[in-house]
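Next up, some structures in structure tokens.
In the two complexes below, subunit A is the common chain; its partner is subunit B in one and subunit C in the other.
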Partner chain A sequence: MDIGVLIQILVWGIYAGCIYILLAIGLNLIFGVMKVVNFAHGELLMLGAYAAFWIYTFSSINPYLIVPLSMLLIAILGIFIERLCFRPIMGTGKLNEIFLSLGLIYLFQNLVAFLWSTNSRYIRSPYGEVVVHIGAIKLPLDYLIIIIVTIVFLIAFQLFMKKTTTGRAMRATSQNREAAALMGINVERMDMLSFALGSALAAAAGSLWLISGQMANPYMGAIPAIKAFAVVIIGGLGSIPGAIIAGMTLGIAENVVPYFMQALVAVFGYEMSFTGWKDTIAFLILIIVLILRPTGIFGERGE
Partner chain B sequence: MLEIRGLNVSYERVQVLWDISFNIEAGEVVTLLGSNGAGKSTTVKTIQGLLKSGSGSIRFMNRSIDELPAYKIVEEGVALVPEGREIFPKMSVLENLILGAYASRARDLLKDSLEWVFNLYPKLEERKEQLAGTMSGGEQQMLAIARALMSKPKLLMLDEPSLGLAPVIVLQVFDIIKKLKEEGVTVLLVEQNIHHALEISDRAYIMEKGRIILEGKGSDLINNHYVREAYLGM
Partner chain C sequence: MKLGRLSIKAYLGIVSLILAVLIPLILGISHYLLTVLILMLVFIMYASAWNLLALSGQGSLGHAAFFGIGGYTSAIIANSLGISPFATILAGGFFAAFIGVLIGLTCVRLREWFLAMVTFGFAIIVHTVTTELSWLTGGWDGIPAKKLIPVTIPNYILYEYYLVLLITVIVIAIIYLIMKSKIGLALEAIRENELEAKVMGINVTKYKLMAFAVSAFFTGIAGALEIHHFGYITPEVYGIDISFWPIIYCISGGLLTIEGPILGTILITLLDESLKNFGWTYERYILIGLILILVVRFLPKGFVSIPEKIKSKLRSHS
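And now, the complex of A and B:
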């Protein structure tokens, strides 16, 4: 085993974890405030990636500068989705919410396929060739940027929720909607805001992913979304620290474990790659956590 | 100050309030009495805008408020301490109080209001960093009342504030209501604790099965034959 390779794989895992965390935080926020599970959250990631792709194609400015633009566009889309789709059916039963958001998945996937074909799209990061050397370890600069950007987003998000009046009002709404209204909080505005913010974070994940060299296609949101759901469940519904730890664990485990497995079979003289086992490992972790702690690691009972 | 005329309210298709009319003058403490399921909570929730009325009118300070959403009615100066307290359990006492002053007309007065409620309830100041959900039932009730006061209400509605509290704590709750009356806050009190409630209130209405069946001065009702029989078991 090569320690340098291992560290590189570790960083790869952290980078994947960042994407899951950005998605999971938005899911958590929307669920907390509205008690709605938006299964189409991965499609917001996909649309964020396409937004970044088209803005880049027509402007060719530094793709990292496009991230906030993509976030803004998808936030506005999120507001429309909340107003036009979720608000009218709120309180009419969980089944309606599930079918609605499943419907949104097909709507967005097919709409994008129809408008822009199913061809894979990619953009070239200006730092695509830049590699940071730390001793013998080589790390793509893009990965480091994404990790740092995610940390900045997480800190900003936490400060917003803990320190601002609006953030406090959002937390109050998720803890007790009726009591929040009694405080003079416009709870429907909080719904809208949680959707806008959650969508923006999904768009950030999507555009950062695209910039770092991943392909965009209409179906790219599905797997990350399922992983984000796993992160939310493992970390405990509504828990931000839980989502961060679970996201990191999942990202690292699904990258590092295949490497160990490869090293293990090499001892017996076989040469085999296990990178295709990523998703299997992710869901194995989910199943084990659910068996050991059904409410998630940081979750509370009775919700 | 508050004037209610011909109010009818239904849940789904079941009507629970029938032709409710009553009024409260500025500075009064008015009690709404009635047995379980009479419709007391439904009445105060409708005034606060948490429930929509089917017909009838609610006027507060000579303005119609029955079409307004709850958060705007808070802005108008009405506050409700709900049945069951409904504090924010995962926030500190201080954060709960700060949220109480969320309404824009109360936000600038935050410092003064905090001082005011800490004066009423010194214990809350000692406990301000404690998570609200870890406080005892009596302390949570204090917090719920204090939080409602943070919005500087002109009309404070309390839905069974003495429910489930030890006798000493119940006395404290009524003491606070007396103090508030002295400070000029108008109070609509929903109670089952009829003796204490009638003692401190100027007037009372008695509800049964969604209708108001009796009205009178607190002192008169205590001696009313019907009330003695139905509520005091005498």
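And now, the complex of A and C:
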């Protein structure tokens, strides 16, 4: 086993973890405030990636500058989704919310396929060829940028939730909706804001995913969404620190475990690749956690 | 009044059954038509099985896993042992039920969202496992499956149709009996309030697992029937849309009723097929997605509640 390769794989894991964290935090925020799980969150990631792709195609400015624009567009879309779909059915049963997001998945995937075909789209990042050498370790610059951007987003998000009045109002709403309303907080505006913010984070994940060399297609949202759900479950529904720890763990585990398995099998003289089992590993971790703790590791609030 | 409505329902059921038997005689033996009808029947079974699980308050988003497991099990056994698909379809159902119990064991303690996420993820995992175990499953290319009725027999599609119709009627009857029995009542009690059900002495875990097993069993049978009808199976049976179809059928028809999934499957399939002939591809999925959203939003009890809605509207006007 090569330590240099291992560290490289570790960085890949952190990079994948960043995408999952961005998605999971959005899901957690929406759940905290509205007590709604949006299963179409992966489709917001997909739409964010497409928004970035089209803006880039028509303007060809530095793709990283497009990320905020794509976030804004998808945030507006999120507000519409909240207004037209989730708000009217709030409180009519959890299954209804699940079914409604199912309809949204269907709608968005096929709308995109209809408008822009199912061809894979990609952006050539200006730093695509740049590789940072740290000793013997080679890291693509794009991955480093994404890790840094995610950390910046997380700090900004935390500051917003802790220091600003709006952030405090959102936290109050997620702790106790009725009490918050009685204190004069406009809880419906908080719903709207949380959905917009969650959608924007999903769009950020999608655009960054695309810029770092991943393909965009109408069905790209499903797998990252599943991972984000796993992160949310492992980290505990509604827990932001839980999501960060779980997202990192998952991202690293699903990249490192196949490598270890390959090394293990090599000891016995076999040559096998386990990269196809990545998604299975995420799911196995999820199952084990759920058997041990049905509310997730950091989730203590029984709903 | 109540009795009269019930008998109308039973009457409608008998009429539609007679119609189903007579359709090939009325419209002639068309390969296309019978294929559409066979798939419709398979999906009626599938949707009804999904509905049974929903009755216990467990909304699965990954039932394609059981559909595909039933299909692959049946195809692999039939191919390797060289026996007739009639026996292996049952094996497919039983293996799907076995996996269903395993997944159920992790799911029984979970809340709705977690359960939906776990089942959604499970379908994707089964997809990965199937493509990776290519020595057994043929990987992405899939494997051939024996036809239910040998193609060499003249009008084989007609026999296939009646066979699937017979199995569907049996499956629906069993599901109906379960829903009307004590088990059905227990499942409903669990859905309404799990804690109260527990207090009343209902073994919640046992009934939830039972719902998982029975639902997965019939889903597996439906999956096996479908692939033996097509004559091949590929990992596409695990597609997200295969998981979503029964939900769309049940919701649009009417959740938690026996006639809802049947009505929903027939109406949505007819819509889908006619739009397909229209040359629409993605447009019809967009439309179906929209229908799903609109039904959840404005008609939460599905199409079966339309007569009642009209009735109460008329009553309030007069």
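As a working rule, the second predicted complex is superposed on the first by the 302 of 303 C-alpha atoms of A that agree within 3 Å, B and C clash if a C-alpha of one lies under 4 Å from a C-alpha of the other, contacts with A are read in each partner's own complex, and residues count from 1 in each chain.
Heads up, the rule we're going with is that a residue touches a chain if its C-beta (ideal position, glycine included) is under 8 Å from a C-beta of that chain, and two chains touch if they have at least 3 such contacts.
The shown structure was predicted, so the numbers you read here are calculated from the model rather than taken from an experiment.
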{"item": "Partners on subunit A (subunit B, subunit C) - clash or fit", "value": "fit"}
{"item": "Touched partner set for A:Glu178, first subunit B, second subunit C, both or neither", "value": "first"}
{"item": "Touching partner for A:Thr165 - first (subunit B), second (subunit C), both, neither", "value": "first"}
{"item": "Which of subunit B and subunit C A:Arg87 touches, first, second, both or neither", "value": "neither"}
{"item": "Which of subunit B and subunit C A:Phe229 touches, first, second, both or neither", "value": "second"}
{"item": "Which of subunit B and subunit C A:Lys138 touches, first, second, both or neither", "value": "neither"}
{"item": "A:Gly103 touches, of subunit B and subunit C: first, second, both or neither?", "value": "second"}
{"item": "Comparing the two partners subunit B and subunit C, which touches a greater set of residues in subunit A", "value": "C"}
{"item": "Angle at the Cα centre of subunit A, taken between the Cα centres of subunit B and subunit C once the superposition is applied, in steps of 10 degrees", "value": "90"}
{"item": "Lowest C-alpha to C-alpha distance for subunit C against subunit B (Å)", "value": "15"}
{"item": "Residues of subunit A at both interfaces, subunit B in one complex, subunit C in the other", "value": "none"}
{"item": "Interfacial residue positions of subunit C with respect to subunit A in the complex", "value": "54, 57, 59, 61, 106, 109-114, 116-118, 120-122, 124-125, 128-129, 131-132, 240, 244, 247-248, 251, 255, 281-283, 285-286, 288-293, 296-297, 300"}
{"item": "Subunit C-facing residues of subunit A, complex", "value": "37, 39, 85, 88-89, 92, 94-96, 98-100, 102-111, 113-114, 219, 222-223, 226, 229-230, 232-233, 237, 276-277, 279-280, 282-283, 286-287, 290-291, 294, 303"}
{"item": "Residues of subunit B defined as touching subunit A within the complex", "value": "48-50, 69-71, 74-75, 79-80, 82, 86-91, 95, 98-100, 102-104, 106-107, 147-148, 151"}
{"item": "Of all residues in subunit A, those that touch subunit B in their complex", "value": "165, 168-169, 171-172, 175-176, 178-187"}
